[in-house]
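Think of it as A, B and C in the order they're written, each chain with its own count starting at 1.
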């Protein structure tokens, strides 16, 4: 293991890690915002909400992320003139914007499905109580259903966020320089392939652990009304989730 | 087929590539089940060392992106095997078939996910069954093979189905290590004919097809596995 | 249990375990990219075609080797060689000092200068650096051209790396990159002379910096394979003398690209 190589490549790797975190953060936030309406739509009795939502989820969960990325980046590049005439080429020209679009839609589909299940799992008694109190659908959803669904779906959502962060490594294949490509570029140039990949694997491990830790903390906060002594230490649980 | 779908002469390659994805997926599923059983055994073992080994296996795989794992393992495993075998047999050249290597690597990765599925399934078999087997005088071995494992599969089926759905999509990544799967050919055809959108769409459609068929098969298998099980009356 | 056994055996057999004994005709696997026209490419039947392929076949015929081609993505070209997926690289790989630390090269089998390509009419502003300042330059990742671009104008221009040159060609035509740098002969035959490349041309003269672009394209072999290296070098001389080389070269490029 060449320490000089490690120290020398750290600046570029950290730049890459920053991009990875940026992509993850933006996708998580916007993906979440999109996921809730999608989940609610899929549960709706109105077929014109349910079917498109179902179709959206099916498309993005049924195809590999890599193909989605190539489709949007290289595929849509083919229609440059059309996109220019609609005035949106400036968006699709940029690799990062294309990558974010795909990541957001993809995570919205997976997250939407997670919260659909969670919302459906909210005890019906709670909803009845809300209705009995005269709450509108909107108020019920906002005050009763969503907060509880968030708690129910949180563990599965944590998994999804970790997966999303790891999936950002794929955007390196559509010319975005994040952590993986940063390491890859150095690896190819210096031929120290295994050292670089092992280093970057370790960095991903650390980031994964970090996400699980943070989300575990949030879960503790969400569950603070439950008996605290019944939950094992936060590090132990984070490790358990990772190793599962 | 080419003319029908206007695939510009690449129709056969795309089909062959898709077949490659499916076969790599199927092979990897078998390998994953194997590693999964091993991993579950490690994690269910009373030995702390074996437990730790299982822990390391699943943690590493779950904490590192598949892309990184696939690339490292695809080039690293043959290299490692050579380093180990070389001292014993002079000038031995291991012919590592690319497809076999890919099957092994993907199976190794998803074996970690399978470990948790199978571990949970083993734990779900009612204790009463195992106790009854012991009461009948069955040895540990007999209990495992005749009572525990056969019943485990019913609980494992949904989880195995889920792992399959993720695994089959992950086979698209073998194009990154140069295997000529459907994504590889979609890329080359699209670039050659200047129609990347059409060809990537074709690849996406192929995966949607396999997803659809898989879901149906899994649902059928789950229904079949539930026969003879008393259901809760609503 | 039986299922596991069958699975395990299948995997083992699939791995092709079996010693490779000495044979009459030495079996050599050649690794190439298949995405670098006109040197190596895949036609719509999945067959390898191109200058490198025909030279490779000719060399094998001259040296009486039983050759088999293996397709490998460019990024994994050298790792594939060292992990013994194939025994030689014949993919227009430039001989550079950096690479020579890891693998050995045969004598060069052709010489090529580098070029900068952009839309026709793009102004050449005296030097390469000034020309690309403030713009986006594309290159294939892991190539001498990428290294050159990053080192020479990475501070004034954005350098984008692509896995294959064809992806870079596509992005050049859609305007995601303003310039593209690659071998002059490769970019001519593989892009400028094709439908996609209409309206694009060299910007300025071709250039060559030996420290970066290396000393011609050679056949890469693992370190310590002196015998194989000698075999290839002799074969190169043989096809030069017999005229087979010149024939293939003229067929693909219109002239003899061997260089000095």
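Simple rule for what comes next: contacts are C-beta pairs under 8 Å (C-beta built on N, C-alpha and C of every residue); 3 or more make two chains touch, one makes a residue touch a chain.
Predicted model only: the values in this text are computed from it and were never measured.
Engineer: How is the touch graph of the chains shaped: line, ring, star, complete or other?
Structural biologist: Chain contacts: complete, every pair touches.
Engineer: With contacts defined as at the top, give the pair, B-C or A-C, that has more of them.
Structural biologist: Between B-C and A-C, the larger count of C-beta pairs in contact belongs to B-C.
Engineer: At what distance in angstrom does the C-alpha mean of subunit B lie from that of subunit A?
Structural biologist: Spacing between the chain centres: roughly 23 Å.
Engineer: What whole-Å value do you get for the distance between subunit A and subunit C if each is reduced to the mean of its CA atoms?
Structural biologist: That gives a centre separation of 38 Å.
Engineer: Quick check: what residues of subunit A touch more than one other chain, meaning two or more?
Structural biologist: Only 74, 77-78, 173, 193 qualify.
Engineer: Residues of subunit B that touch two or more other chains: which are they?
Structural biologist: Answer for subunit B, listing residues that touch two or more other chains: 71, 75-76, 176, 187, 194, 196.
Engineer: Two or more other chains touching the same residue: where does that happen in subunit C?
Structural biologist: Only 79, 167, 170 qualify.
Engineer: Which bits of subunit C are touching subunit A when the two form their complex?
Structural biologist: Of all residues in subunit C, those touching subunit A are 75, 78-79, 98-99, 101-102, 141-142, 147, 160-163, 167, 170-171, 174-176.
Engineer: Can you check the complex and tell me which residues of subunit A touch subunit C?
Structural biologist: By the definition above, subunit A touches subunit C via 74, 77-78, 80, 93, 95, 173, 175, 181, 184-185, 188-189, 191, 193.
Engineer: Any idea which subunit B residues touch subunit A in the complex?
Structural biologist: 55, 58-60, 62-69, 71-72, 75-76, 116, 169-170, 172-173, 175-176, 183, 186-187, 190, 194-197, 200-201, 203-204, 207-208, 211-212
Engineer: For subunit C, which residues are in contact with subunit B within the complex?
Structural biologist: 1, 3-4, 7-8, 10-11, 14-20, 35, 42, 44-46, 70-73, 76, 79-80, 82-85, 164, 166-167, 169-170, 195-196
Engineer: Can you tell me which positions in subunit A touch subunit B when the two form their complex?
Structural biologist: Interface residues on the subunit A side: 58-59, 61-68, 70-71, 74-79, 162, 166-167, 169-170, 172-173, 180, 193-194, 197-198, 200-201, 204-205, 208-209, 239, 242-244.
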